[in-house]
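In order of appearance the chains are A, B, C and D, and numbering begins at 1 in each one.
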Amino acid sequence: MEMNNWKKILTPYTQAVEELKIKFKGMRNEYINLDEYSPIEFVTGRVKKISSILEKAKKKSIPLDQVEEKMEDIAGIRIMCQFVEDIYKVREIIRSRHDMYVVEERDYINNLKPSGYRSYHIIIKYPVQTAQGEKLVFAEIQIRTLAMNFWATIEHSLRYKYKQNMPEHIQERLNKAAEAAHLLDQEMAEIREEVLKSQQGFQAESNV
Amino acid sequence: MEMNNWKKILTPYTQAVEELKIKFKGMRNEYINLDEYSPIEFVTGRVKKISSILEKAKKKSIPLDQVEEKMEDIAGIRIMCQFVEDIYKVREIIRSRHDMYVVEERDYINNLKPSGYRSYHIIIKYPVQTAQGEKLVFAEIQIRTLAMNFWATIEHSLRYKYKQNMPEHIQERLNKAAEAAHLLDQEMAEIREEVLKSQQGFQAESNV
Amino acid sequence: MEMNNWKKILTPYTQAVEELKIKFKGMRNEYINLDEYSPIEFVTGRVKKISSILEKAKKKSIPLDQVEEKMEDIAGIRIMCQFVEDIYKVREIIRSRHDMYVVEERDYINNLKPSGYRSYHIIIKYPVQTAQGEKLVFAEIQIRTLAMNFWATIEHSLRYKYKQNMPEHIQERLNKAAEAAHLLDQEMAEIREEVLKSQQGFQAESNV
Amino acid sequence: MEMNNWKKILTPYTQAVEELKIKFKGMRNEYINLDEYSPIEFVTGRVKKISSILEKAKKKSIPLDQVEEKMEDIAGIRIMCQFVEDIYKVREIIRSRHDMYVVEERDYINNLKPSGYRSYHIIIKYPVQTAQGEKLVFAEIQIRTLAMNFWATIEHSLRYKYKQNMPEHIQERLNKAAEAAHLLDQEMAEIREEVLKSQQGFQAESNV
């Protein structure tokens, strides 16, 4: 495909990513403005690079004129949370919004990938208004804790470095790091539990 | 009203302004990406300051608990165009979008204000997704040429400076400047006409 | 030159443009925060596209390995003002800053170009901190009124459209529009004069 | 002090934070553009809220007219890294820059705080160009891994919640989480070691 065609195809995805970033950052600001705890810590987004689209299309045997219907992560949003519980809170909010439609969910937290990868993925359809009218595009939202994100960032750069040939001892180290990240999330979850319990205790007392 | 209440009221307006800025800037980028002429030159936005809301509420006798239903310009977007014709192009695009609803239009170009002010105003209802569900808020979109904007910027700062007491000779000067701005827009419109005509001539020839 | 080399060359220019935009926008905010009149209305910036660098290098016979020393507008900043007088105020501020060095000034306001173009250009050297140490890069700052900018924007897009062959009747129209833009600036300058005079009158009275 | 005075005092700090964010983000982009590993993962910044300045001034007995000379963290920058080693790389880069001056360093990584807090702090003097000339302001740069940041974010919100009275069992949990975060950093450091070693092996082989 020619460069100009790619530009035309990718323009609504770029727009979708910009709008979704503003919307999820706005969700965070809504909590902050009201002095409430925000389940969202920060948000990033990207449009898949053309080279990565070509590579994935080849690997998954997707004809280039069908990438828009068959590739679900050309537009990608990543939402980072402090606690695992926040991930499910964010999922509920996404499900209840009227400006995007959930088409699939993939729970890699309860079913972590063999690599050790943990995250919650939601595939949505998002309506973008273009000069030619409304266009529904796919977007993939990845929701993770900061610890999951830390691990995934490093795993990604190693996978990129080694391609298919990651040495076994590095894969082992990565697995141990995935466990350490999981442990950190568990400690954090227990802190959260303790805090909630002590708040209920406090409220019970003040209701006497 | 207390500060906290204002924050709560204004949060969805801030979100609306952020989203609308991204959307109209995206409209511009869509043209630029396709190497086409963009009817939008640049976009700005603001949420009305609390002090200005209070002042306007007093002047228009709007009870403070009704500002959300009765004040239409708490969220404000300004779209600047090169040519007067572009303003009507932008208007058509706004009318055809599915993510905002036009509730009123005010044509201060064909019916300029006594002060000399010229602009096209569109009042929309815009749906914002909040933690408490969808909320429809008013927003005012002002569409103008760069020359109209130049004049309006200066008129605004003078009106702010003099409040109700603008000296007559300054008002006269402003009127002359409004005429000069109008003249500039007319010259620009004629250039546009000439360009369009010579393009048609060119196409006619190449169709022989 | 290869793409990767261009990336390496252009990276400090991109950084210079980002920093200069933040610095001149900050200058505007400084006035706004103190409730004072800002001589800067808005600021834009861009890095020259590779295709435009190549074209200009060819036209001016600059060898490609000397573009960094000989092409002064790879980094470009544009500062828009309300009044012609503001342009000279901004020039003084630029001259007095310690974080950029003026190497040349070109006054196309008192010596407008044959095309009708009016603007004040300042060429600076700007120090960028890179991973390889400090690097001094050229940047061109164009300072103009909103009316000059309006005209220049349209002239630029017509020149781009017609390349070397702008039809005479369109060039004539452009000249008339340049005069209208100049007239608008003069009217605005006289308003400014009147305002300053009436302020002095007011102060004189209150000093009685 | 009056609101207006605070605005005047804080304006150069706001400017410093904006410029420093652009500069450290630019450092990251420089690596990314050259397809190299960036020691910086992401950057945030903030100006201390007036209420927090007042609170700290009271606690540390700093007279309000001396906050500019004595409070070093009114402007704050946070730099997040993937690996502990990256922190020292970023420190070297900061020390070698010509546009900021290191005045103090505090190593809370080798000397962690009793709370479990780990980070590397650098106090700099940063020159801001204002309408009244150059002004040197303090800024505090905190450099941390993603895991340190995760822990610190939660510790901060708990400290904010409980003020001086954090329950002992929550403090204990926090300590255990600090250990888990530390463990995660250690696992990551070992992965980094392994990767570097296997690269050297690879280079040694290819040099045969």
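Some observations on this one:
Going forward, a residue touches a chain if its C-beta (ideal position, glycine included) is under 8 Å from a C-beta of that chain, and two chains touch if they have at least 3 such contacts.
Here the structure is a predicted model, which means the values were calculated and not measured.
Think of each touching pair as a link: the shortest run of links from subunit B to subunit D has 2 of them. For the interfaces B-C and C-D, the C-beta contact count is higher for B-C.
Comparing the CA-atom centres of all chains against that of subunit B, the greatest distance is found for D.
Sharing over half of its contact pairs with A-B by residue number, the repeated interface among A-D, B-C or C-D is C-D. Mean C-alpha position of subunit A lies 41 Å from that of subunit C.
Centre-to-centre separation of subunit B and subunit C, using mean CA positions: 26 Å. Inter-chain centre distance (subunit C to subunit D, centres taken as mean C-alpha positions): 36 Å. In subunit A, no position touches at least two other chains. Chain contacts in this assembly form a single closed ring in which each chain touches exactly two others.
By the definition given earlier, chain contacts exist for A-B, A-D, B-C, C-D.
Within the complex, the subunit D residues that touch subunit A are 37, 41, 82, 145-147, 149-151, 153-154, 157-158, 161, 167, 169-170, 173-174, 176-177, 180-181, 183-184, 186-188, 190-191, 194-195, 198.
Contact residues of subunit C toward subunit D in the complex are 4, 7-8, 11, 14-15, 18-19, 22-23, 26-27, 29-31, 33-34, 93, 96-99, 127, 129-131, 133-134.
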